[in-house]
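You will see two complexes here that share chain A, one where it goes with chain B and one where it goes with chain C.
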Partner chain A sequence: MKKLSDIASSRHTWAWPYILFLVLFVVLPLVLIAFYAFTTADGRFTVQNFLKFFTHSEAISTFVYSVFIAVLNTVICLLLGYPAAYIMANEDYRTPKVMAMLFILPMWINFLLRTVATVELFNMIGFKLGEGALLFGLCYDYLPFMIYPIYNTLQKMDRSLVEAAGDLGANRAKVFTKVILPLSMPGVYSGIVMVFMPTVSTFAIAELLTHNNIKLFGSLIQDYITTSDLLNYGAVLSLILLVIIGITSFFGSTEDDSQKGGLI
Partner chain B sequence: MQNPNCPAQGNVASQPQVSGDYIIEVKNVFKQFEDGKFALNDVSLSVKKGEFVTILGPSGCGKTTLLRCIAGFQVASSGDILLKGEDVTQTPPYKRPVNTVFQKYALFPHLNVFENVAFGLKMKKVEKTTIAKKVKAALKMANLTGYEDRKVDTLSGGQQQRVAIARAIVNEPEVLLLDEPLSALDLKMRHDMQIELKELHDKLGITFIYVTHDQEEALTLSDRVVVMSEGEIQQIGTPTDIYNEPINCFVADFIGESNILSGTMICDRKVRFCGHEFDCVDEGFGEMMPVDVVIRPEDIYILDNPEKGQLQGEVQSCIFKGVHYEMRVLTPDHFEFLIQDYHEFLPGRKIGMLVKPEDIQIMKKERLFNTFEGEIVKNNKVNFLEADWDLDPEVAAQFEPGDKVRVEVEFADVDLQDYEEEGTLTGEVHFILYKGDHYHLTIRTDEGYDIHVNTQDVWDDGDRVGVVILPKDIRVSKL
Partner chain C sequence: MRRLFTLLLLAAGMMAAAQSNVQYELRVMAEQPLQILDTFPQPYQTEKINVTYQDGTYQLLGDTLAQGADFVVAAEAQAEWRAEFDSIFAFEAEGKHFVVWQNNRDIKNAQKRARAGNARTAFLTYLREQTVAPSRMWEYIGMGAAALVILLVVLYAVMLLRRKQAEKSMTSVQRETLHRKIADRRRRLFSQTYLWLLLLVLYMPILLILVYSFTESKVLGNWTGFSFQLYGNLFLGKGGEALNSAIINTVLIALIAALSATVLGTLAAIGIFNMRAKQRKVVTFLNSVPMINPDIITGISLFLLFVALHVSQGFWTVCIAHIVFCTPYVVLSVLPRLSGMNPNTYEAALDLGATPFQALRKVLVPELWPGMLSGFVLALTLSVDDFGVTFFTKGSGGLETLSTFIYADARKGGLTPELRPLFSLILILILTVLVFVNIRADKKAQKKA
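Take a look at the complex of A and B:
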């Protein structure tokens, strides 16, 4: 018979709490979503919910709009974030440490609190809440997630590569396009994934910054699920969103790995 | 350490001043960093077309800075750099007809071997078929045929080194700059690559400027060696010149092994050291002049019969070094010599030592004692090196506070203390020279001044010390 100390020292034993946690809070909810998506309110199997989505123009247009907003936000974050990361990582510009801190600082505070504060700020200066405010809020919330990974790859890059490119006849613009940009792509990819995915499924920011006038896909799901008789339809929408996010993250990670030599 | 007759300038002056002869001319270049330290201090150097010139020196001597100024990665604070007679001091690197092989290769990790080598040609918008032809030739030259499609991080250190060289030479630069290119390789590989580099230089016929801290590498590869220390050129010469006729103690100590001793030049062709008078071949030092004497360990002959030698000694230790034995021999006057011989002489054995006149290298002493500028202050003290020192009251009585004075202190009268707080000022051991029966140290004070010390005690480079000088040992005279 095994002694108690043997059981305690076995590595398998230590894994159990985590396995239990994962099953309860990751696997089970996924199974439930799938179950609800393929059943009616009284528990019979159906694909009706899916068919409903493809004929439900409001859901589809909200979905397309959400993806559009997410893409737009990702592009804005990339356009603003790359130069910021580049300047912070480049020793020549002597950016004070304070500046790097200021970019990261908002991440310390819960994004809901920040969004509420933004709403108050807009009200104070008399800026109309709506699409513009929504984009600003999204960008404000997710910009650090774009800057940080790009800053990281740029900072780890060997400075002598830049010198080598210059030595071989590349002017500043060529050094950037031929060396710095390609080498910072892993950071760009993770930045894109880290901004795009949460933006697609966001709903609180949209609610707060548009006075609930603009619905994103996340808000739609929330509406259906809190209205209990349409729980099954809400599950379908969640499942579709999940698949879309899964595809983007797969796109992100494969690109990422190919830069590191494609180990996985 | 500062040599008033900067050998670099002496060298330039002795060569004809025709710009066309030189592919690179560095003229009175200074480079000061933001912290105020000078990385280059009045450096002048001329390189002929096709020459293999090595810049040699310990780390932090400014050799890499000099190379980077020539490459254009750093801009000289003052002075001019000319390439083919054209001033390029302010020209950005990409417009200079030079290419660099970097210390850590700096290969582009996102490109394969072919793309790395083709990079420079692509920047120049060379036609595709020409690029392919030239890259192929460069890879063949670097013994890398067949590696075109490999990712650079799958290559060994030596192979990466070859890619770096191929990437530079494919552009057919006027000058190839190499920044310690072999320092990351193991010994065997380094020797092989040295031979390959030398062959490459012969084949290409272009100018090589090579930076290294490895004196053996410098002597093996170069047509001319430039020895640097503390941002200044100490000596420029052929490897044999540098080895056989070092211009000062630093060069003698840095290049190869040497016995450096204090001596006196009695008259032309006669020098006295270790209590014995030797014939030598040097002239023009004057009579009874204090000098430094350099004898290479392989230039001392060991005689079985002690009586037949110019000096006598007892073998202290004997180590087998492969080709030769290396012995430490102590004379009755307690001078220690390092001797290399093909024969083994066991410890305890009494021997005679013989040195041929032409193997004695005489150098003018850079200084005979410490001299500082100072000022008399209150309470029988004198201020120099930014510290107040006690003076003998009788001496102090001859001066008024505020008098400017010259202060002299003998090397042997400077005491070094383990405990920094016991010193009047503090500093660290900056340079150590063994002179047969004592050590000659340079102490760099925390304020950046140098004090020279003779001591029997053993100190290490970088040791923190407190400096004490007794009042009786401070000589002051009015300026």
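Take a look at the complex of A and C:
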């Protein structure tokens, strides 16, 4: 008997290569961001990089603007995506089953190519590249990420609750605000996280959609990281972004594991 | 779906017929006062000077260093123009002399030269083939839409009249059920229209690529007749050396990353499953970190690691980076299979004399296979799709994957035409796989029921 349990317990060692891998390529690199943020180019400790950020008006305004754009994009995606997810998940509307798949399909196509195609479309119809184009492009890229988790939670929702509410005399609006909406909140949270996080950290897209006129925080980080003598300052900006990401993912941590594992 | 495709082909045919003479249009936008700027000036469309030429009638003046030019233009030129002219050329239009720098990044240089030559600076947004057809096309679309709206209104009025007539001979109960039915139908119509409109907007750019993969034109948006030329170019490798190597790199990296991630992730999932609750919590949290981290953070952190370790970045650093963000998804696809299987079969195999490796191969892998496969496919697509992480870990040795190739291409102002058929093919492949998977899932669900 003892031997059996020995073998069973020894199987947890199978994860060790992966744990080692995670420590080396996930934990250590993240620590390195902090390390570079607090050192000078020749490796001495400093807080100068942080002070520079707080007096660097371009960085601050870019940061505020990026968060603003990300929030705006998240709100737009939510307003457009929730009704779509609701219609698809609600059996009363008899939506064809392919519809959900069609909404997810664009996620599998290279987002840069989609962005370039959007730019070409704007050129074709004579739409000026700028803030409007940026918002459209971002919404276009991330809308499926909002629809999918909300659709998932709505579909898994217990329909009998809705019926019970109806039987007890609630009208359609009441059923929605008192039953459906609260029950779908986990999906909404994870949708918000899945849209907000990539938007706030996006680079490249903004550059293409605005003719390089509007700079987002991601592009700023990219600029500093790729110029080697400003690498430490770039690390500070990354660290700030990381803090934002941490706060957002904490906010969204109430959601279950339903959103990412089963994309196929 | 088939009907939609026929419609698209019809529309494409109409556009080709409508377009008889191709013109070159030079749109010079926004004359700016002379000053050195880091980026494009903010409201860059203040004035338009339209200079339209018939094909080939523009007058080339050669490289003049802006001496005597009225305008110096920083232009974003399409690839074929770049090949046709030098990076600097000049032309004359409406009695004005223009000098063009075909690189929109080179504004400072253009302005320096403009100042030296006492000229003004202008920005030419596009120097490209432009057909006359699109404007007509929008006219037709507008007219068609108007006709459709009128038709719908007439139909609705007729329907309303007929219903009023029918209602006269009904009891009040009948009338009520009818009204409820109508309200339901109206709600359904409204919601389905919303979904289809949203889908149409989402798919517009993708359809654009799909449609224009069947024409030879080097520029997206210019239909020069139906042709399979680009598909031929793609398969014969005529899309250019850079594109070919980008495709090969993408495939190789995706295969290496997905395979390693599947092996590493499956073993890790088995390990995590057999851990005690506390340990398991820690490792699952670690596992979720690469999924939560945005591309840019994963990319930068690995970039810093490779810099700190003095590893020269290239093919293998990109592979490692891809394994980093792919493996968590494999772990998450395998874990549910583990909790669904009989925990005693592995031990039974050992008791019957199998070595742990044999037990893994003969007992565990067959059970976990579906999870491993979906993890593998997910890893494959994630790797092919990735841009952010690749961008920071590819080093400066000239390694390009498809994503970074597209980025570099788009920055230059054009898109290699052969990318269009390539992505149309990928789209069709993904569509087929998704349909196949969904049908299989449906069948399974039916069997269960």
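One rule holds in what follows: the second predicted complex is superposed on the first by the 241 of 264 C-alpha atoms of A that agree within 3 Å, B and C clash if a C-alpha of one lies under 4 Å from a C-alpha of the other, contacts with A are read in each partner's own complex, and residues count from 1 in each chain.
Heads up, the rule we're going with is that a residue touches a chain if its C-beta (ideal position, glycine included) is under 8 Å from a C-beta of that chain, and two chains touch if they have at least 3 such contacts.
Predicted, not measured: the structure shown is a model, and the values here were computed from it.
Once the complexes are laid over each other on chain A, chain B and chain C both fit without any clash. Within the superposed three-chain model, A:Arg114 lies in touch with chain C and out of touch with chain B [touch as defined at top]. Of the two partner chains, chain B is the only one that A:Leu183 touches; chain C does not reach it.
In the superposition on chain A, A:Ile247 contacts neither chain B nor chain C.
Of the two partner chains, chain C is the only one that A:Trp14 touches; chain B does not reach it. In the superposition on chain A, A:Ile60 makes contact with neither chain B nor chain C.
Annotation for chain A, partner touching more residues between chain B and chain C: C. Contacts of A:Ala41 after superposition: neither chain B nor chain C is touched. Once the two complexes are laid over each other on the shared chain, residue contacts for A:Ala170 go to chain B alone; chain C is not touched.
For the three-chain overlay built from the shared chain A, the minimum Cα spacing from chain B to chain C equals 6 Å. Common to the chain B-facing and chain C-facing surfaces of chain A are residues 261. Contact residues on chain B toward chain A in their complex (touch as defined above): 71-73, 92-94, 98-100, 102-104, 106-110, 119-120, 123-124, 151, 153, 167-168, 171. Contact residues on chain A toward chain C in their complex (touch as defined above): 4, 7-9, 11-19, 21-23, 25-30, 32-33, 36, 80, 83-84, 87-88, 92-95, 97-99, 101-106, 108-121, 123-125, 128, 140, 143-144, 197-198, 200-204, 207-208, 211-213, 215, 218, 221-222, 225, 231, 234-235, 238, 241-242, 245, 249, 257, 260-261, 263-264.
Residue ranges of chain A in contact with chain B, taken from their complex: 158, 160-161, 163-171, 174, 178-179, 182-183, 259, 261. Of all residues in chain C, those touching chain A in their complex are 39-40, 42, 44-45, 104, 125-126, 134, 138, 184, 187-188, 191-192, 194-195, 198-199, 201-206, 208-209, 220-221, 264-265, 267-272, 274-276, 279, 283, 286-287, 289-297, 300-305, 307-308, 320-321, 323-324, 327, 329, 331-333, 336, 346-347, 350-351, 356, 374, 377-378, 381, 384-385, 387-388, 391-392, 402-403, 406-407, 409-411, 415, 419, 423, 426-427, 430-431, 434-435, 437-438, 442.
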